[in-house]
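After this come two complexes, each holding chain A, first together with chain B and then together with chain C.
For the complex of A and B:
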């Protein structure tokens, strides 16, 4: 890394690190959360950049020469489609603007009868029972299966390489840190997202709660062990991104029993091993804020999609660093003045005392998620105004 | 007659096939990441 870029990069990382520790940096860091927004801003298509990762980098280079940012939250599920194509699976996910999203009902291949097998050995169940159901080509276990797996491996290696190159160039050439080093989930969220779907999981909690609890526990340990192998050296200034899904759909009484213990267990395992964890509170978590007092001490961050961020900071700012605040709806439809007024109010309410990172309330996906002129004006304002 | 293998065995074969391309730890890490991504 060039020494001038190294200086810029280090300044930005240090700024975030202080905020992560709920301390006060020189000014409020600006985090950008996007997937294909910069690509479309540069007049490119998802299809084009996913075929040519260098174009993706060029989109970052142009966008962030025009809009000031201190860091990017992560990259999203880029370049993952060819892996599924190699295994002839086109039914369990939906491709939205080049990004893979799972389809709730049709992607859940686990039956109620499979619970005991999953509980006994999650790794064995996933490989030998779940994957053959999800990827029919693996069911026969013959040469055709082996060839498909080989193609998927090659596609995965290409995907991984493209991700690493984009991260490397963005950090080392542009001096912009990309924070998420890996993505993890809690046991209950894995059961919801990958195995049972929303309808299945709500039924299971009501009808077979003990199996749900045992499976959540087994998956919690299984996935954390894998994640600590994959990302085995925790670094200051980077985090494990943990999106939270099921929790906010449960009644507080159920939340306490079926979700909170697993979330706390994950946080304890990661923070004890010196990892920084960024919780992405999808949906509205206002009714659950009182439970945050049970979180362990450590570098825990929270991105909030909904709720009054000022009240959230007052209530849980002593436990976690708060990220978010700027509504993308305002950036899309408001005037420049309205956006700056909103940003000023957010900074005035959330910045005092540190432990706050300015960002949008949701990830910028399509170009409609935020008007370029408004984003640029807001970031310029926060850069100048939000100094400690 | 062709041997029918479990997916776990297919992954072991995959590891053996690629073991000379990188150190064992890196290969294990890539396979772990791949398995996780296939859950999506």
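For the complex of A and C:
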């Protein structure tokens, strides 16, 4: 890394890391959360950049020479399509503008009878029972299955390689940190998203709660063990991104019993090992804020999609660093003045005392999610105004 | 507690294992099938209101809707051919490019519970497919389109405008996380609902 870039990079990552510790940096860091927004801003298509990671980098280079940012939250699920293609799984996912989305009803292939097998040995169950159900090409276990698995593995290696190249260039040439080093899940969320689906999991919680709890526990340990091996440099100033799904669908009493223990267990395991954990609170978490007091001490961050951020900061700012605030609807439909007024209000309410990172309330997926002029004006304003 | 009151309470509490027997007992006790159905619809309306008010959560709403569905199964043979209780047919789907179906499935259940005959087109539904479904089904009074990704908002707009171009008087309701009342109005939808509970209320309003 060039020494001038090194200085910029260090300044930015230090700024974030003070906020991560709920401390006060020189000014409020600006985190950019996007997937294809920079790509479309530069007149490129998702299809093109997914074929050529260098083009994606070029989009970052141009976009962030025009809009000031301190860091990027992560990259999203880029270059993942070839893995699914290699396994002939064409029914349950779709790539829309470069973004992978899944149909809940037909994406989950685990039967209720499989619980004991999953609990006994999650890795063995996933490889030998679940994958052959989900990907028919693996069912026979013959040469064709082996070839498909090999192709999928190679696609996965390429996917990792492309991600690493983009991260490497963005950090080392532009001096912009990309924070999410890996994506982790809690056991209950894995059961929901990958194995049982929404209706399945709701039924299981009601009818076979003990199996649900045991499976959640087994998956919690299984995935954490893998994630700590994939990302084994927790002191590097980046974070593990942990999107939270099931929790906000449960009534608080069920949340306390079926979700919170697993979230707390994860946070304890990661923070004990000096990891920074960024929780992505999908949906509205207002009814569950009182439970945050049970979180362990450590570098825990929270991105909030919904809710009054100033109230959230007052209520849980002593436990976690707060990220977000700027409504993307305002960036899309508001005037420049309205956007700046909103940004000022957010900074005035959330920045005092530190432990706050300015960002949008949701990820900018498509170009329509935020008007370029508004985003640029807001970031310029925050850069100048939000000094401690 | 009368048998019909018992049915009502079981739906609201989501007691799907007990509901079929309770509906049968109500029929055996001489309650009219229509009255039992009306009671269950009223129960689901309470459930929807409680959900919208944040008093209950998605699982409780889902279980209540499933219970009602089991109760309706018992009534179906008795009410065969009687369409007087139906609010009409509603065509529903998640728009093109979008596979998110949890919210859509909940809305299907809630609208069914409210008295609509539902035709669920599934996910990734092209605009023309909504139009074709209106043509293919009887007594269609409402089209409901859902979308979760901001990237599929143009597809939502296309779906609404294609349906409206083919059937100018057809009522169209939209929803999904990125949809706002303003956006719904901008793309020409007749109604918007932020959640499954209020979708049932809004849908009934639109076809009243």
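Remarks
Keep this in mind: the second predicted complex is superposed on the first by the 387 of 388 C-alpha atoms of A that agree within 3 Å, B and C clash if a C-alpha of one lies under 4 Å from a C-alpha of the other, contacts with A are read in each partner's own complex, and residues count from 1 in each chain.
Assume a contact is a pair of C-beta atoms (placed from the backbone, for glycine too) under 8 Å apart; a residue touches a chain by one contact, two chains touch by 3 or more.
Since we're looking at a predicted model, the values are computed, not measured.
When both complexes are overlaid on chain A, the residue A:140 reaches chain B alone and has no touch with chain C.
By the document's definition of touching, of the two partners only chain C reaches A:198; chain B does not. In the superposition on chain A, contact is made by A:152 with chain B only, not with chain C. Of the two partner chains, neither chain B nor chain C is touched by A:322. In the superposed model, A:108 lies in contact with neither chain B nor chain C. Of the two partner chains placed by the overlay, only chain C lies in contact with A:249; chain B stays clear of it. Legend: residue contacts after superposition of the two complexes on their common chain; A:131 is shown touching chain B, with no touch to chain C. Once the two complexes are laid over each other on the shared chain, residue contacts for A:93 go to chain B and to chain C alike. In the superposition on chain A, chain A positions 93, 102 are in contact with chain B in one complex as well as with chain C in the other.
Residue ranges on chain C touching chain A, taken from their complex, read 54, 56-60, 62-63, 97-102, 105, 123-124, 148-154, 178, 180, 182. The residues of chain A lying in touch with chain B in their complex are 77, 80, 83-84, 87, 93, 100, 102, 124, 126-128, 131-132, 134-135, 138, 140-143, 145-146, 149-150, 152-153, 156-157, 159-160, 190, 194, 223, 226, 229-230.
Of all the residues in chain B, the ones that touch chain A in their complex are 2, 4-11, 13-14, 17-18, 28-30, 32-40.
Note for the complex: chain A touches chain C at residues 36, 92-94, 96-97, 99, 101-105, 198-199, 202, 205-206, 249-251, 254, 287, 328-329, 333, 362, 365-366, 368-369.
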